[in-house]
Amino acid sequence: MELHSGSLDTKEIFGRWLDEQAKSNYGAYIPFVGTIRAEDGIEALSFDIYEPILQKWFDEWQERAKVLGAVVKMAHSVGDVPVHTSSYVSAVFSPRRRVALELIDEFVEDFKANAPIWKYDVKNGERIYAEDRSTPMDGAGLLK
Amino acid sequence: MELHSGSLDTKEIFGRWLDEQAKSNYGAYIPFVGTIRAEDGIEALSFDIYEPILQKWFDEWQERAKVLGAVVKMAHSVGDVPVHTSSYVSAVFSPRRRVALELIDEFVEDFKANAPIWKYDVKNGERIYAEDRSTPMDGAGLLK
Amino acid sequence: MIKVEFLGPIGKTPMEIEATTLADVAVKLKEEQELGAWLDKCAVALNDTMVNDLTTVLKDGDKISILPPVCGG
Amino acid sequence: MIKVEFLGPIGKTPMEIEATTLADVAVKLKEEQELGAWLDKCAVALNDTMVNDLTTVLKDGDKISILPPVCGG
């Protein structure tokens, strides 16, 4: 897992992960690249991350992947990321395509639901919490 | 759709497709990279392709993707591809992640089932049809 | 005349035959011993479009392609 | 003492409270008016591990994190 300040260098990450696994004999490599869409007049999105819990979340996914003979990877931006640049890359390597296709779907969906990352719209230099697009994590409401 | 003689330059393809869509405002980009696994003592896999029907198959997928507001891409090798190098890259670009995750799965699975491509193991320089791993296409047996 | 070509691993040289429907083509190809193991698992294209109906009518100059089991990727 | 920290957009400075279970923490936090809109949609971590049980027993020096709705990617 890697966190970067600002936009991700997607090509560098794609190539580096490919090279790292070049001799691992995985038949399928599926990256997911998330790019900031220009919409609602935003200039950028901005991200807060709570790293200790994100790391635990990611470590559990590595264990899940390992049981399937697969590997997961993840990179995310911290701070402002301008529109048309990327804030998120995750990936699965697996010997077989079915495992890889199913795992990337589950990994990305669980990331959206449970990774401790908060998103803000940046408009006129102001940071506005993207509350309408945010999801309460599993177990939310415990203290209500 | 692009066909290349021998191994694919995966990084070049990933980056070029990313650049082509840099201003298209797609939020999700999911490439699938297929790499030749070292197994059963093969040196390489080798591929025959019948391009006119592959092109039609791909054009139909482009239409299907368009209806969903998405784009599909594909690159494949012709001829010999040594182990640990890549023979196949396909990708989906979509505004939204759910469409992209579902489309890459369907696109890759239909590719495996219906793209007119024949695979051969290369052992001791000899080309042996990979019959046990091949799938009859939709409609097979019409003339039996 | 109808041209019939055999793709990928079949390794048979193209044939020219007389036929007015795909059913006629089936009859002709079943006479070819070396195709015995192939026909029940091969799909068929007419002028590079996949076809599924034996009653399909053919015209002079048509091209039939015989496609054995595939494995791209 | 138990430290309570509020992550992401909540924007509240950390608190130090006395509590022996998570249920005690709930009672204390409900007294904080500015948390009114947050508690029903926030998840909770104890020493950086997600927790789901109000009877969870706390000890001196524990850290509670309050996690509002997320949206990575």
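Note that the chains are named A, B, C and D in the order they appear, and that numbering of residues resets to 1 at the start of each chain.
Note that a residue touches a chain if its C-beta (ideal position, glycine included) is under 8 Å from a C-beta of that chain, and two chains touch if they have at least 3 such contacts.
Bear in mind that the values here come from a model prediction, so they are computed numbers and not experimental data.
Chemist: With subunit A excluded and the rest untouched, write the groups of chains still joined, or say one piece.
Modeler: In the absence of subunit A, as far as touching goes, the chains form B, C | D.
Chemist: Centre to centre, by mean C-alpha position, how many angstrom separate subunit A and subunit D?
Modeler: Averaging C-alpha atoms per chain gives centres 25 Å apart.
Chemist: Return the distance between the CA-based centres of subunit C and subunit D, expressed in whole Å.
Modeler: Centres of subunit C and subunit D (C-alpha means) sit 70 Å apart.
Chemist: Could you please state the distance in Å, as a whole number, between where the Cα atoms of subunit B are centred and where those of subunit D are centred?
Modeler: That pair's centroid distance is 49 Å.
Chemist: List, in ascending order, every residue of subunit D touching at least 2 other chains.
Modeler: Residues 73.
Chemist: Where in subunit A do residues touch two or more of the other chains?
Modeler: 34, 97, 108, 112
Chemist: Report the complete set of touching chain pairs.
Modeler: Applying the touch rule to all chain pairs gives A-B, A-D, B-C.
Chemist: If you look only at subunit C, which of its residues touch subunit B in the complex?
Modeler: Interface residues on the subunit C side: 7-9, 22, 25-26, 29-30, 39-45, 48-52, 54, 65-73.
Chemist: Help me check something: in the complex, which residues belonging to subunit A touch subunit B?
Modeler: Listed in rising order, the residues of subunit A that touch subunit B are 10-11, 14-15, 18, 22-23, 25-39, 84, 95, 97, 100-101, 104-105, 108-109, 112.
Chemist: Over in the complex, which subunit A residues touch subunit D? Could you list them?
Modeler: Counting only subunit A, the residues touching subunit D are 34, 47-50, 52-53, 56, 76, 87-88, 108, 111-120, 129-131, 133-144.
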